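Listed after this line are the structures, all set down as structure tokens.
Across the two complexes that follow, chain A remains constant while its partner is chain B and subsequently chain C.
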Partner chain A sequence: MAFYPSGIFKVDYASDEGLFPTPVIIRSSILFIIFLLILPWFLSNHMLYIMVTMFIAVVGAVGLNILTGFTGQISVAQGAFIGVGAYTCAYFTQNLAMPIWISIPAGGILTALVGIFFGLPSIRIKGLYLLMATLAAQFFLADYLFVRWKSVTGGVGGFHVNRPAFPGIPGNPNLGIKLYDDSHLYYLAMVVAVIAVFAAINIGRSKTGRAFKAIRDRDIASALIGIDVVRYKLMSFALSSFFAGVCGGLLAYSWKEISPPVFGLDVSIAYLAMIICGGIGSVRGAVLGAIFITFLPEGIMFIMNNIVIDLLPSWYNWGYLFSGLHAMMYGLVIVLFLILEPEGLNKIWINFRNSAKIWPFPYY
Partner chain B sequence: MKRTVFFKKMAGAVALLAVVLCIGFPTCNAQADQETVKIAVTCSLTGPHAAVAGFCYGEMDYYTYLNEFKGGILGHPIDSTLYDGAETPKELATYRAFSSKVHSMSLYSTMANKALTKEINEIDKISSITGGMDERIIAPYVFMVGPSYQTQFYVSFKRMVENGGKTLVIGHGNYEWMVDMPEDAIAKKLPEKAGIKLLGVVEHQSTSSEITAEVARIKRLNPDYIWVWGDAVSTVAAAIRLGIPGKKLFLNHWYTLPVLTKKFGKKIDGMMGWLMLPSVDMVLKDPELRVSKELNAFLAKHKPYTRNWTYIRGWLIGTLRTLAIERALQKNGNKIPADIKKFRTQIRDELENIKGFDLGIGHGFETVDYSDHMGWGGMMPAVVKDGKWEIGKYQSFN
Partner chain C sequence: MDYFLFLLITGVATGFVYALLALGFVVIYKATRVLNFAQGGLVMLGGYFCFTTLGQFGLHPLLAFSLAAIASITIAILIERYLLKPLIGKSLLSLVMVTIGLGSIIEGFAIALYGTDEQAMPEVLPEFAVSIGTVYIPSIYVWAIIISSILIVALFLFFKFSNLGIVMRAVSNNQPGALSMGIRVNHIFAISWILASLIALAGGFILGSISMMSPSLSIVIYPLFAAVIIGGLDSIPGALIGGLVIGVMQLLVAGYLGDLTGASFKTVFPFLILLLVLMIKPYGLFGTHEVERL
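And then the complex of A and B:
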């Protein structure tokens, strides 16, 4: 009873749409954030880096979910949009000596503008045709602009980014906490990820979010009931791209060396995989998908190299085989998800939660 | 009902995985075996550059050879791990997975070396014999093997001039090193220094196997030589289609592989290139060579991943690294110091101290002086005759 109270009466719309409908959720959210705050103390460098990567992926996946999950606009340009944010943030940091609290939002804002531009075709086309238009954006940005605009991007030779101080002051970075260490970056990425998740949930609950979902479900009907479809589609591109830009800014600080190939089509596909595996249209699904896809290759490598290899006969060097196996396993897991649970990890979580609620009984 | 059981099992598996990942990684670090020499190798085992991954397997096989036939290094078994993924994000994660544990490593990509410069050289202090060949990534803890790309550009242009060439066009793919290295060579004015006129640079899509249009642009410029920098198979195929004679083509060292001669035969007669190292079979021809003896013993029990020169490259990387580790161990009374950074630095110092070391592969290769972190400084010229690579005598560029 302490965990699943009954008799919660919602007497107005505000309480019905509240972010935290029960005190249990508030308490568990606070506990979870405390857990995340103390976690770096117990993690190896490797796990710390993976956690940073995971938080950054959460921001990008939640952003893509706004566009594809909420609004139904498919995009395979997320990798390139992340690249726009990364290069903007890197340029602001390295060439303009801007502090981090300007560089990262600047990356988000510029990417939002780029997103609006490349979202213009969505006014006239949808489905596979829109996919092709965003594919063109991906190729134009990642394979042409990032490579050719050397004065800004450094071309294929790459762009080196020094991790700045936070909260940095231009010209005097020593006054802030240096982000050099991954543990410092962990806290920044965590805070941004938490903000991104709550922002995305709020967007979904707002008038804007409802308009997005209406457009996703039937755009003609949405227009008939007075929703400005053009405006909301572009707004969706802008919001999604803003998240992608912030994600890119964080990635630039994490990697310290950015170059066009790291924002390729495979990155866009990986982000699509995150929201598909997680459960398209759900913020929780996007978060779970980002966690899953980030940890998947590491988990496969860990299990293969530390558990499976000891169980196999020694006449063959299995390590050689396992070294290249993660790419295949990655694809296999995604295919299994699509076959066995198209609604993704979010549905698995809901089923698990419902089962746990009534445990040890099998059903109500 | 079945679905519910599946969901429960899946959820259980995910929870177990999360626990293993969160607890397992730090636990494994804590349980590191102090008496085992630990080496990590990252490599491009999958994807477009997997064709030249032979050197990673060659290096790993050398450690297997030492473990099986020599009892490791001075009795210390070698625990070597090969990681796939030579693209920046993956390699950065991989590096962090092994950086707290290993005594030495091979980090593959140029970008990862750049991104991790501070970690490798100042924080973790791990000696790395890199797979990359751009001399700009040489650093206190970063070593290379073989002539750098910059040297290869210069000596190739010189060889073109020696063969009567006056003009040149560079044809390259659009991968990182394929674009970056020609740009660096042009910035350093290497064609001018070699005495050849650069008529132009033509780029093509590396992901495309059909690049006739790009090669046609090269043909229109009518150069004496075409420097094929990347994607040799598609470039040569297009050149044959357009009637460009093989003698106008000059390949970088990665492509002196049998695949081209097998595919195109006599159509590419006259095409030039470099063989960086002898192949396994070339080394085995002289059973008295040190590497020949090692390989004969190893190959009696194992099958190599490849028999081309890349395998020998890896074997030599392993030789140089373990030589430095052996010397570092000797200085510590055959004990691995508890202070891992001290041992890593000793290995680095011993790598740098390698002087006059015979590579043991014959064919005129000079001894290695590793004080400049560059390895050996020569290659063997190669030219296609009667549809087969004909290998010339070793040339030193030092």
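And then the complex of A and C:
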């Protein structure tokens, strides 16, 4: 590992804002992507499915981070927005026979429009009142529209999606590489997740991103220095919902069967938990949080089913205790992170990296 | 007409319970500027405390309610001390998310202890038949109106005349001012959580008696949001009016439009009203319009 004893010298703003400040980061990014590319060969089917879910969660969490982390507009409608993307993508695939490269962006764009519509209250209200407006959006979409608009969504019975092939052409989406296997979907989800992460980082360091952060820190002051607050707030809703829609489209392909309850309020809370565990306002935090929250239930179930269940006396029905633990898991994680490490996994990672850099000599 | 009358009276009863529970929100919000998303969980937990002391322990109602009240107060103090106090001065998102997390912890706690099955609240309130014209009203709805209105009036008197109530109003009005007058603001925070949890206990008992006890009782919180937003988050009369309006309209809409719009419209409908009110009057009907300074 390269070593920078006197820090990194930057002589202009471009290098200060650079995506890759040091050669080490370029090299380790490339190595990491190669690692992700060869990983599917070593994973079981179940782990492969979880990895796909994780990449999809990364897309959704990075998107929510744009709205809540960068712009500071708290949204509890992420679950419903993901649902809009999933249903659009499913409809385009099943009913219009569109290939994947049309249906996923279509899901993103339609969700962005829906996001702008439900972001309109943000022109007049903010904070808790805006949270209420997004809560209204969540309930209206997930508990009403998805359930009642049966001709498009299939109602509570659910909607079945067949995975189309990768390039495909409109009208005949089954030409090309078949995505029927999770290992093929893994590459699609991975590529989308990597693009989403780099897009989010670039949004964060562009003029738009700086405007978002200015609105988060003080909206009136940012209006005074000439930022069009309304435009940037709506743009933030649109961008965030676009990510959510893409995330939903991938979810529809991953699950192959979607129904309204899987886009409920608990999904929105899980995504908020991701960005809180990761560290609000940082893309790396959102990625770490998405990984953490995806693997948390798996880890807990593994420990419970393999270790704890043998230690417990068998005369008592522990099922309730387990489902209770499952229900409180996200809440517990959110509360613990907020109180013990408000800056999240991102801060833990930075602390670890800083101490690892100077490792054998802590007072160097 | 009979059907309308029945819906109206049950709606008014539900509305009174909503108004009472909405007061629980407002009490906490006025003192601490925290919107308590765990209020539904507290209501459900309060209902289960009553269920345990009345049904499982089989105690005399007075003793049972006092025990349940002690349990609720303990929970409220623990929440205030260990969850909210470390977050004083933190961002709005932290405050919101800690109560959302708390709500799901309470729900998981209830599932772990009581399971997900519905259980009937023991009947301790005397039964009597009330009929208006040919409409028969189950006595629990009458009890709901009586208990809620007594508690609401008691809260009004408490805030208007009692020393503690005046101190709490002072804290919500001007926190630094109250601090400099020697009021222990952090005690007031704890007391407002205790008040809210006692309100939630009463509400949980009533709601558990009207329907059944189950961990999903905590979803009662969602129409309450609409109620407090319509009234304005920091207005006590607003909470009453909002609660009544939402309760009556929810039952009327479910009763008349239920076939047309499906059962789920009952939960969505308060939010449509909420959106409408937010568009027209962003701070609700009676809320304080916040003036921002740079």
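Here are a few things to note about the model shown:
Going forward, the second predicted complex is superposed on the first by the 324 of 364 C-alpha atoms of A that agree within 3 Å, B and C clash if a C-alpha of one lies under 4 Å from a C-alpha of the other, contacts with A are read in each partner's own complex, and residues count from 1 in each chain.
Rule of thumb we're sticking to: a contact is a pair of C-beta atoms (placed from the backbone, for glycine too) under 8 Å apart; a residue touches a chain by one contact, two chains touch by 3 or more.
All values derive from a computational prediction rather than experimental measurement.
Of the two partner chains placed by superposition, only chain C is touched by A:Ile125; chain B is not. Shared-chain residue A:Ser355: touches chain B; no touch with chain C. Once chain A of one complex is fitted onto chain A of the other, the partner contacts of A:Ile195 are absent, as it touches neither chain B nor chain C. Of the two partner chains, neither chain B nor chain C is touched by A:Leu96. With both structures placed on the common chain, the touch criterion links A:Asp143 to chain B and to chain C. Using the contact criterion defined above for the overlaid structures, shared-chain residue A:Ile30 touches neither chain B nor chain C, since it reaches no partner.
Residue overlap on chain A between the chain B contacts of one complex and the chain C contacts of the other covers 143, 147, 320, 323-324, 326-327.
Contact residues on chain B toward chain A in their complex (touch as defined above): 4, 6-8, 10-11, 14, 17-18, 20-22, 24-26, 28-29, 43, 45-46, 50, 57, 60, 64, 81-84, 87-90, 92-93, 96-100, 111-112, 114-115, 174-176, 179-180, 183-184, 305. Of all residues in chain C, only 35, 82-83, 86-87, 90-94, 96-98, 100-116, 215, 222, 225, 229, 233, 261-262, 264-265, 267-268, 271-272, 274-275, 278-279, 282-283, 292, 294 touch chain A in the complex they form.
Interface of chain A with chain C (complex): residues 68, 72, 74, 121, 124-125, 127-129, 131-133, 135-136, 139-140, 143-144, 147-148, 218, 220-221, 224, 269, 272-273, 276, 280, 320-321, 323-335, 338-339, 342.
For chain A in complex with chain B, the residues that touch the partner chain are 42-50, 53, 143, 147, 155-158, 160, 182, 254-257, 259-262, 292, 295, 297-299, 301-303, 305-306, 317, 319-320, 323-324, 326-327, 340-341, 345, 347-349, 351-352, 355.
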